[in-house]
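Here you go, one structure.
The chains carry the letters A, B and C, assigned in the order they are written, with residues numbered from 1 in each.
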Amino acid sequence: MSGHLPVDKTFKLFIGGAFPRSESGHTFQVRTDDGRLLANAAKASRKDLREAVRAARSAQAGWAGRTAYNRGQVLYRVAEMLDARSDEFTALLRDSGLSDESARAEVEQAVDRWVWYAGWADKVDQVLGTVNPVAGPFFNFTFPEPTGVVVQAVPDHPPLLGLTSRLAPAVVTGNTSVVLAGEAAALVAMSLAEVLATSDVPGGVVNILTGDRVGLLPWALGHLDVNAVDLSGAPDDLSDEAFADAAENVKRLVHGDATAASPSVIAQFLEMKTVWHPIGR
Amino acid sequence: MADQTPDFDLDYAPAPESTAVVHLADEYGLFIGGEFVAPRSGRTFDTINPATEERLATVSEGNADDVDLAVASAREAFEEHWRDTPGTVRARYLYRIARQLQERSREFAVLETMDGGKPIRESRDVDLPLVAAHFFHHAGWADKLEYAFPNRNVAPHGVVGQIVPWNFPMLMAAWKLAPALACGNTVVLKPAETTPLTALLMAEVLQDVGLPPGVVNIVTGAGDTGAALVEHPDVDKLAFTGSTGVGKQIQRSAAVRRLPLTLELGGKAANVVFEDAAIDQAIEGVINGIFFNQGHVCCAGSRLLVQESIAEGLIERLKERMTRLRVGDPLDKNTDVGAINSAEQLARITALVESGVEEGAVLHQAPCDLPGRGFWFAPSVFTGVQQSQRIAREEIFGPVLAVQTFRTPDEAVEKANNSPYGLSAGIWTEKGSKILWMAERLRAGVVWANTFNKFDATSPFGGYKESGFGREGGLQGLGAYVRDVEALEVGGGSL
Amino acid sequence: MKAPTYAPVPTTSVDEVVLEARAAELGSRSIKTSSKRAALHLAIRCIDLTTLEGADTPGKVASLCRKAVRPDATNPAIPHVAAVCVYPEMVAHAAAAVTGTGVAVASVAGAFPSGLSDLDVRTDDIRSAVAEGADEIDIVLNRSAFLSGDLATVHDEVAASKDACGDAHLKVILEAGELGGYEPVRRASMLAMAAGADFIKTSTGKIPKAATPAMALCMAEAIREHAHQTGRAVGFKVAGGIRTAKQAWHYLVLMGETLGTDWLTPDLFRLGASSLLNDILLQLGKLDSGRYGGPDYVTVD
C-alpha cells in the first residue's frame, strides 16, 4: 500500500481576487466518464453573481486606466504561468475525457492564444481606430474604449481553449469579466483562476463562477450594471423573457465561436468614441 | 544646547551606480553565424569611457571580407529556415529577447552609460525600458502581420543591413532589429564606432534565447565597415540612422541599385513657446528638449522660438533653471547632463559654438565645475541669434540652445520651417486649436505639443526633408520591413 | 496699514503632465550621507507638531509640547520643532507649556476645517486665539466662495483674517485636494498671497486627499511668481499625509530647487505633521548606529 494519501483540492469560486465558497453553501460533483469522483465544485448562486458583478465594476476603471503596454504584460504573464503548469492542465483535460495528445495540444494552443491576445493590447487602437477627414476645419479622431463589465457564458468544449478564446479578447482592452463556467469545464476554469491569481491580474478583473448556468444567466441578463453578455456557451433553451430583460439597459449581446481568434472578437467588447476639435489660431 | 549641525544646502551625494553588475571581456570578436569569431581583417580598436577616457575593451574592426561573411551567414539563415519560420515562432524569440533585456536592464543601462557617456538615470529610466517595450511590441506583431497589412500579400525583404548611431546605441538597435525580425528578415547590424559594447552584450542575449545562428549578425567597426555593408551586393534593404552627410552618401549608393532604404538623419528642431503657454512647464520642456542626453539627439529642440511678448522674462527664467542642471559623472544618479560622446564630437561642438560668438551671437553658459578628464561641455544658450548664423542652421548635436523670437503664429511657422531639416518640432500653448493649427503646418515628422522627447514603440518616428524618410515604430514603421509580393510577380505593373 | 483691494489677474496656466513629471524627478535626487543629518535636523526645525482631534485634552497637549521642545530627551543636540499646532481651545495650555523655549504656538482658527461660518465669527475666533497666546494662525480658504467663482470674497476674507491676526503671522490653507486641478491651486495661491497671507499651506489633513509633491511644486511656482512680481517672500507649508523622512527630503529638495536655499528655513518652510518626527528620529538613529530601528525605540508622546 502506497504511503502518501493526496490532500485533495477543494474548488471554490473566484471573486475579487479571492477564492470564497458559494454563499449558498451548495456544491456539485465532478466525475470522470466512468464515474470516478474528481472533486466537489462550488455551485454559484445569484448572490455570488451579484458580488462578482460588483467586484468586476470596482476593478474596471483601474484596469482600463492602465497603459495598453501594461495590460499586454499582464496577459503575457498569464501565458507564462499557464505554460509553467501545462502538466497539471493536461492531466485535468485528460480527466475530462481527452486523449493525452489532444489534451497536450489544447494546452499549448491556449498558451499561444494568451500570447497572441497579449500582443494585441497595444495594437487595437491602430487597427480599429481612425483619424477622420471631416469636411471642416476640425481634427476628428475615433478610438475604441472597453464597454465595461461583461458576463461571459463560455463554451464547455474545448474546456481550456474555449474559455481562453472568449476571456482574453474581452479583458485585453480593459473590460472586466464575470465568467460563468459550465459544470463540465468547472475544474479547468477554476484552475485557470489560480493562474490568473498569480499573474499580477488585479483582483476583480476576472471573476469565475461555476455551476448552474441555466439558473444564473437570466439574472445576468437582467442585471442593470452589466454592459455586455457573451452567450457563446449559453444553453439553447434560454427563455424569451431572459432576452427581453437584457433590453432593459440595452445590453450588448454577443456570440462567438469556441475557437476563433481575431481582432473582430476583441471588437465585440468595444465602444467607439469620436472626438472633434477645431483647428485655428 | 544649540543645534550645531551645519546648514543643509542641497548638497547632493555622488550616488554612483555600481559597475560591478557589468562583466566586460578584454576583447571581443565579431558576432557572425551565432558565435564570436576573430575578424578576417585582423584589426581591432579600443572603446573608451568618455567620462574618464579609460579603455573599456578592445573590439574588432570588420573589413569587406568580414561583412561578406556576415551577409553570407544572414543569407543562409534566411534561405534555409528563417523565411519559412512561422510568425508565432518568430514572436516567441522576440518575446524571449524582450524578457531577457527587461531582466538584465540594470546591467545594460550601466554599460550603455559607461560606453557612451549618457547619465545613468536616462539609460535606466528611459533607454532600457523603451528597448524592452520595443521588442515586446514587435513580438506582438510577428504573429499577426496579416492585420498590419490587410489586403496585401507581403513577404520579408531578405537580408537587411542596419547601421546605428552612438547617441542611443541600444534603443536604435532595438528600433532596427525588432521590426526586421518580426517581419521575417535576417540582419547584419553595424553598431557605431564609439559605442559597440551593448550590442555585443546583446549578442549574448541572442545566444541565450536560442535565436538560430545567422539570423542576427553584428559587425563592429567604423566608417569603412559601414560602407562595406552599404555597398554589399547581396543586401536586400538598408536602414541607417546617423548624420545627414553620411545619409546622403548611402542614398546615392542605394538609389543606383534601387535598394529599399530608410534614413533617419539630423535635425534642427524648433521648440515654439507661445505667450499663452503654461510657462513653468514650457521651461521644463525647453530644458529637456536641448539638454536631455547632452543634446546628442537628432530630434533635440535646439532652436527656441519664443513669442516676443514674453521673451525677456522667459530667457531669464531659462538661465536660472540652467543653474540647477548637474553636469558630471554619468554613473552618478544625480547627474542631469553627462559626458560628450567623444573627443571628435566635443571638437565639433566647440568649433560651432566659437563660430556663434564670431558671427555675433551672445553666449551664456551655466556655471559648472567640469571634471578634469573626459569630454565635457557646459549647457549653453545663445541669444542675439540671426537665422543666417551657423548656430541657427547647422546641427550642433550638443547642449547648445539658440534662441530666436517671433510675433505671430504665422511667423513661428515660417521660421520653424525655414530649414533643410524636418525631424521634429515642439509647440507650447494652452490653446488646443492653435496646437492643431501649428501641427498641420509644421514640416516635421514628429510634433510634440506641451511635451518633448517622448518616444513609444507604437508611435511612428522619422523626418521630413533632409532629416530622412521612412518611419520607425508603430504600424507605419513596420511597413519598411516587408515588400509586396504582387508587385514583384507582376514585374512592376502598369500602375 | 491699508487692506489690499481685490484685482482680478489672469492666472498662469499649468500643464499637469509636465508638472507631475518634474515633481517626481525631484524625488529621485540622492542626498549625501553627511548632508542627510543636516537635512533631517532642518526638517525637525521646520515641523509644526500637530494635534487637531476632538479628543484633545490639556494632558495630551502638554505631552505634545514636551516632545516639541525636546524631541529626544536623551539627546539635547536634537533641535526643537518650529511650532505646535492646536485648536483654539488648547492654545492657552500650549502657550504655558512652550513659553521661553523658542517653539511657537500655531492655532487653527475660523471654522477649521470647513471654513463655513459667518466671517465675523471666524475673525473673532482668530482674535481670541491670538489673545490666548497664539503666535501663528492657520485659516482655511473659503472654498465655497472660490468654487462658485466669487474670488473677491475669497480675497477680502483673507485680508480681513490677516487684519484680525494683528502681530501673529497668517497661514492660508488652500485645501488643494478639493480645488479640482493645478490651475485652481495656482489661482488660489496667487489670491491668498495678494490678500496678505504670510504662508500658503496645502491641506488641513482632514480630508482623504493628502498633500502631494506635485501640489507643492505648483504652489512653490506660484510663490516664485509672487516674489518676482512684488519682492515679497511668502512661506510654504505642506501638511497632510507626511509621515516619513523620505517624504520630508523630497519636499526640501523640491523647495530648494524651485525657490532656492533662502526658503530652507522655518521662517519660510513648514512641515505640518505628527508621526513624521518619530520617523526622522529613527533615521537619525540609523545614521548614528548603522542599524534599522523600530517603533519600540522612539517614544509615543
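Following the convention adopted for this analysis, a residue touches a chain if its C-beta (ideal position, glycine included) is under 8 Å from a C-beta of that chain, and two chains touch if they have at least 3 such contacts.
Because the structure is a prediction, the values reported are computed rather than measured.
Asker: When the mean CA coordinate of each chain is compared with the mean CA coordinate of the whole protein, which chain is closest?
Answerer: Minimum centroid-to-centroid distance belongs to B.
Asker: Among the chains here, which has the CA centroid at the largest distance from chain B's centroid?
Answerer: Relative to chain B, the chain with the farthest C-alpha centre is C.
Asker: If you average the Cα atoms of chain B and of chain C to get two centres, how far apart are those centres in Å?
Answerer: A distance of 45 Å separates the two centres.
Asker: How far is the middle of chain A from the middle of chain B, if each middle is the mean of its Cα atoms, in Å?
Answerer: 41
Asker: Averaging only over C-alpha atoms, locate the centres of chain A and chain C and give their separation in whole Å.
Answerer: Centre separation, chain A to chain C: 49 Å.
Asker: Within their complex, state which residues of chain B touch chain A.
Answerer: Its residues touching chain A are 88, 91-92, 95, 133, 136-137, 139-141, 143-144, 147-148, 409, 432-434, 436-437, 440, 457-458, 474-475.
Asker: In the complex, go through chain C and note every residue touching chain B.
Answerer: Those residues of chain C that touch chain B are 12-15, 17-19, 21-22, 28-35, 37-39, 41-42, 45, 76-79, 221, 252-253, 256-257, 261, 264.
Asker: Could you list, by residue number, the parts of chain A that touch chain B in their complex?
Answerer: Result: residues 68-69, 72-73, 76, 112, 115-116, 118-123, 125-127, 139, 263, 277-281 of chain A touch chain B.
Asker: Help me check something: in the complex, which residues belonging to chain B touch chain C?
Answerer: Spelled out, the residues of chain B in touch with chain C are 1-15, 121, 276-281, 284-285, 324, 333-334, 430, 450-451.
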